[in-house]
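Below you'll find a set of structures to go through.
Across the two complexes that follow, chain A remains constant while its partner is chain B and subsequently chain C.
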Partner chain A sequence: MKSVLYIIRKIVSLILTLLLVSVIAFFVYEIIPGDSVTSMLGTEYTEERAEALREELGYNKPIYERYLIWLENFVTGDMGESVNYKMPVADIIADKLPVTLWLGLISMLQIIIISIPLGVWFAWREHKGKGIFIEYFNQFVMSIPSFFLGIIIIYIFGNILKLFTPGQYVDYKENIVGFILYLIPATITVAISKISMVAKFTRNSMVEQLQADYVRTARSKGASELRIFLHHILRNGLTPVITFLGMVVAEVMAGSIIVEQVFNIPGLGRTLVVAVGNRDLPIVQAIIVYMAALVIIVNFFVDIVYKFIDPRITIGMGRE
Partner chain B sequence: MKKKILLLTLALTIALCGCTGGGNKGSSSSTDKKSIVVGIQQDLDSLDPHLVVAAGTREVLFNVFEGLVKPDENGVLVPAVASEYKVSEDGKKYTFTLREGVEFHNGKPVTAQDVKYSIERNAGMHDQELLISRFANIDSVNIVNDSTIEVILKEADTELIAYMTVAIIPEDYKEQSSKPIGTGPFIFDSYEIDNKFVVKRNDKYWGGKPELEEVVFKIVANTDSVLLDLQAGSIDIYPYLTDDQAKELSDKFNIEVGNTNLVQGIFLNNENDYFKNEKVRKAMCYAIDKEEIQAMVSGGNGTLIGSFMFPGLGNYFNEEVIDDYEYNPEKAKELLKEAGYANGFEFKMTIPNNYQFHISTGEVIVQQLKKVGITVNIELVDWSVWLNDVYTGRKFEATIIGFDSTLAPNDLMRRFVSDNDKNMCNFVNAKYDDYYKMAVETTDENEKIEYYEELQKILSEDAASVFIQDPPLLVAVSKELEGYTFYPVYVQDMSKIKFVD
Partner chain C sequence: MLNIKNFSMKIGNKQIIENINIDVNDGEIVAIVGESGSGKTMTALNVVGLTPPGTVVEGEIMLDGESLLERKKNDYSVSIVFQEPMTSLNPLMKAGEQIDEVLKLHTELGRKERYNKIIKMLKNVELIRAKEIYNKYPHELSGGMRQRIMIAMAMINNPKLLILDEPTTALDPNVQEQIIEIIKKLNKQEKTSMIFISHDLNIVKNIANKIVVMNEGRIVESGTKDEVVRTPKHEYTIKLLNAMPKGKKMRRTSNDDSPMIMISDVDLYYYENRKKNIYNTSIDFNVYRGEILGLVGRSGAGKTSLAKAILGINKNYSGKIIKNVNRCAMVFQDPLSSLNPVRTIRWILSEPLKVQKKYTKEEINMEIKRIINEVGLEEEHFDRYPSELSGGQRQRVCIALALLSEAEFIVADEPVSALDVTVQAQILDLLLNVQKEYGITIMFISHDLRVVEKICDRIIEI
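Our next item is the complex of A and B:
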């Protein structure tokens, strides 16, 4: 019963968060200057044409009314038509979404596979009282901007080692293997700084456990250091990492926007950047909501999983 | 434990790198077919040629569509879908004879009906509103017989022929914006948003089939990484290099240098408190060292101009005004003193943030104006903000931009006519307005040239703005290719590209 309530609460908060995101995505373009109409007409702008176009696009209605219409359509799956491309936004997104999903998925896999063992290893070194120079290295890696790192990676892997041809993107509909191979250098770019982050987090979380009372108890019972490490510290130390990984998903999505630009990958992030420049609001709003939804839903599942791993978690259930 | 994890990490890294290595094999597939990749900077704004606004789209669609006439590399309008045309002496009637045997890409012949429809659609007589403002002057389009079309104007306009480059498309074809059909040397194949636009050779092209079988126009998002793409060989032609990029690529590519056919300048709002004073505007002209700008931002390439026209417009271009304001900071200071700004002044220069070339120009100008005591604050804005505030709203002090044009010279010159809605600089001069009217109405070519030269002289004399240059266009062309051709309008003509034997 308790866990059913918990899930319902989580779902409600998920929906509210999405609504909030959609409101922000919708209203923010009311505040910043420049609109779809001016950028569509460009240098052919005249007052009459602009007026006619606003009428046609329904931009002369008050903002809240437009928001409600948009929301209603959105919920029923109609995301409107792109101002710029005169195509249904749903079609555009359907085409681009797999690209960004794959990019995110491969990045996440790398992060999980590499950073957790790495973090555990750092903690083990710490446990054995060895140096922490790795800390500095980590700090260094985290502070490289990803567009810069991307160019370095293209240069090293593409132009020097010739492991891939920069700019020769392979479409996933034509050749899925070639597509994934082209994505890998890009995913490494996204993953590297996140790997440092997660490894650091994992290490810290485990080192915290080292000081815990139960470790002392275990030690006094005569358990070997390795046994203590594997059976006690590892298990307790890794639980918070799962939540942290949920947050990393958001970072990966944000990272993919930049990396798609650098590696010339036609995914959602690139479409978003172009659409922002064109003030193609139907696309911008849909992509923002989509990306936010993705992050929120992943975190929703992380919370649920977490709850089952560690039944002590009773977020938002008051005092019980 | 430690070793195991280390090994695992290592194995993974190798696996990942090994995977990427495999991707290289597929890359040579494009060479057995005569296919090339051309890098373009912007995504296409529409595939329907009549609805296109961006110059960056027109340059690509030039390969797919043609008008009754089309420009050649010298800026001369040559017959295309029409085989010949006549303009009546009063400038009110244009008669076109259709070329025999021209077919649309779907195999259907071009009929007089299609031509009528294409012109009328731009004049706002069908499903769209008025698309070309000049076409408001069209009274009617008449089919004389199967191969003759007459365009009747309300008022004389001898330059309308420059707009007859408007694409001829089939009537009653509803999918123009997703599967466009034209008559050009290449046939539309596929398009993917933010990714690529692919065309295939039109084997039945009336002007002879091109050598290339396929051209992929690839939209490059990042102008920094495009250099790496070029070096790696995934792009064969790229037309917008910076001077530095051109230097780096010169060992692998032929660098072709042409003109962009733009009027680049510091455009001054003539209603602004400072710039409404002619002396201040003149002082600005004397204080700017155009040659230094060229040396700093365009590697010494490009063509200097002295008024609101670029040399690509041939006979209409007035060369005499280029040196009207030789660089002279002392004179600039004197003029400023006379205008009551002995200690200089401060103004804001708005520049769209997507044009690095204009931004770099602006940075040089800041330094140059500092020498005469004028302080410039550069404000970078989004393109749509620029359009909104500067171009249409005219809420600005000064801006740096480049204006493009059709082959009709009045396309540029009207932008300084007092009551024209495109008079962004708020320039007012009754003499200018009179000459403009005469220039547009005359049917005598020599008179027309004379009037246009006079117009340019007035703009220079009044220092309507600071006209700098027609910037250079630096194009990287793979050493395997030849035949890249520059036009006085903004196009990328792929039909002339050939492989070097």
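Our next item is the complex of A and C:
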């Protein structure tokens, strides 16, 4: 009963957050200077025509009414038309979204598979009082900017190892294997600094648990250090990491914008950069909503998972 | 049965324990008494085999003729119950499973047998709904229940020796008594020898056969319970016995009959799932100018909530609270967490004067110099951080803060509960002096009736 309530509450807050994102995305139109009617009419601009077009497009309606119309259209899949490509925005998104999703997914998989065991290993070394040179190296990796790292990776993977041809993007609709192979260097670029971050976070979280009183209790029971580590510290230490991974998803989405530029990958990030340059506001709006929604939804699931891992999470009303 | 012989212990260059000898016979309860830093817990940790890293030990600890210092594997023949029931259990593991771990590690019993054994043990420590408790997580249990789980865990594999390290210190008085009764019962039933570590001679009197008094890593006195309590020889033991508050104080009569604070028909409540839960009703009393009023009550009665309501930082009450006072201050139980850790004492003490905006820099310096002497600290403490002071010194800083804010009314919420007994006595004396000198009205909240009786003019129970 309690967990059902928890999930319902989380869903409500999910919807509210998404609405807030849509409000912000909608007002991008209002804040950015420039009148789209003027640019649509171009040289044929007269006061009367502009007025007529405004009437036709509904721009004369009050702002909240326009927001509701826009929201309704957006939800039903009508996101307007790109000013630049003269194509429905929905089609452009449908084409680009899988690229960025794949990029993010492969990056996240790398991050999860590598960083957590790495962090646990760091913590285990710390526990055994062994050297920490590798952690300094980790700190160093964390501080490399991803565009710089991208260039190095292109050089190593493309020019030396010849594992892919830089710049020769393979479309996922034609050759999915080739597409994924092309993505891998890019995903490594996104993942590396995040791997360092998550590994460090994991290590810190686990090391903190090493000091806990319940570890002393377990030790007094005669449990071996390995058993203490695996049965007591691991689960307690990893719960905060799950929340942190939720935040890393947002970082990965942001990272994809730069990396898609460097690797010439036509995903949402690259499209966003081009659209911002061209003042193609319908596309900008749609991509903002999609990227934000992705991060919010992932974090929604993180919260749900967390609730089932840590029994202490309650609905959080009233006093503790 | 247990012999600690010429045992010494060093961490780095610091001598923690110096040449102690303790013998525990079969079925006996030996109490080790001392203040924090006396080495009593360290002695226990060595016996259990939890010696901290970097320790150098000398001497011998023998259990039934076998050296405990040389054993390779902890076979759980010595088990321990720690002071902190709130944090000593793994928060992500069910209570029953944590007890089960002991049986998994040290016995060959099957699943069913282990379960039955645990349920029986839980009933033995008077957890009545044992099957339900088995599946609870620590955060779903009260402090007393958790400590029972710890005792069940320590007793489940019939240890030869059970060490209890301040097992009741973190608990309410009535729960304390229950736990003591359970420990006594188990001692009689199972004939388990026990070492009971405490700073509180009052508790020890009720349970121990022998008492060992430790101070600064050395044994200053040891003997049977009666010898130590009735005819103490060492001055430190006498000091400990005297520090125990006893006897009543003369009641002070107030010259001013108009109450400073009137509390009439107050109900305290809190919200749970939007439902209003009233947990104390019809509280009715006055606070008179210049008195020290003791506020006592069971835990959960809302002593602190009421105090916060009076100070205006808790709105969850109905009824009337009329205040005829300009400035109030509060002194908390835990002085460390109520002082900003990254600021020096000088900065912390200057702050209440700075915000009043009517003093120059020199005046502030003069004032804090005066006040720091007043509360028994030195100017050398100015440049320290809260973490570099002892618990008693920190509480002195908190009292100084209350004085600097020119409070007429101070709520002292369990101000000495976290302190050693001799320090307790000093802080209580300071509060009495301050009250006399400044004519401040104090509301003193405590669960310890002896402390309240020692300093309060009047006691209200809610």
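Please note the rule applied: the second predicted complex is superposed on the first by the 275 of 320 C-alpha atoms of A that agree within 3 Å, B and C clash if a C-alpha of one lies under 4 Å from a C-alpha of the other, contacts with A are read in each partner's own complex, and residues count from 1 in each chain.
To be clear about the criterion, a residue touches a chain if its C-beta (ideal position, glycine included) is under 8 Å from a C-beta of that chain, and two chains touch if they have at least 3 such contacts.
All values reported here derive from a predicted model rather than from experimental measurement.
Undergrad: According to the stated criteria, A:Tyr85 is in contact with first (chain B), second (chain C), both, or neither; which is it?
TA: Touch partner of A:Tyr85: chain B, not chain C.
Undergrad: Once the structures are superposed on A, label A:Trp124 by its partner contacts, choosing first (chain B), second (chain C), both or neither.
TA: Only chain B is touched by A:Trp124; chain C is not.
Undergrad: Would you check which partner chain A:Thr239 touches, where first means chain B only, second means chain C only, and both and neither mean what they say?
TA: second
Undergrad: Which one hits more chain A residues, chain B or chain C?
TA: Residues of chain A touched, chain B against chain C: more for B.
Undergrad: Which partner does A:Lys221 reach: the first (chain B), the second (chain C), both, or neither?
TA: The answer is second: A:Lys221 touches chain C but not chain B.
Undergrad: What is the contact status of A:Phe140 with respect to chain B (first) and chain C (second): first, second, both, or neither?
TA: A:Phe140: touches no partner chain.
Undergrad: If we overlay the two complexes on their shared chain A, which of chain B and chain C does A:Ile114 touch? Say first, second, both or neither.
TA: It touches chain B, and chain C stays clear.
Undergrad: Can you list the residues of chain A that meet both chain B and chain C?
TA: The answer is that chain A has no such residue.
Undergrad: Within their complex, state which residues of chain B touch chain A.
TA: 1-2, 5-6, 8-9, 12, 16-17, 19-24, 26-27, 43, 45-46, 53-54, 129, 133, 177-178, 192-195, 218-222, 224-226, 228-235, 354, 382-385, 387-389, 391-392, 421-422
Undergrad: Flag every residue of chain A that touches chain B in the complex, lowest number first.
TA: Within the complex, chain A contacts chain B at residues 33-35, 38-47, 49-50, 52, 84-87, 92, 95-96, 110, 113-114, 117-118, 120-121, 124-125, 147, 150-151, 154-155, 157-159, 162-171, 175, 177-178, 180-182, 184-185, 188, 226, 260-264, 266, 270-271, 273-274, 277-279.
Undergrad: Spell out the part of chain C that touches chain A in their complex, as residue ranges.
TA: 48-50, 53, 73-76, 79-80, 82, 84, 87-93, 98, 101-102, 105-106, 137, 139-140, 150, 153, 270-274, 277
Undergrad: Which stretch or stretches of chain A touch chain C in the complex?
TA: Going by the criterion above, the answer is residues 129, 212-214, 216-223, 227, 231-232, 235-236, 239, 309-312, 315, 317-319.
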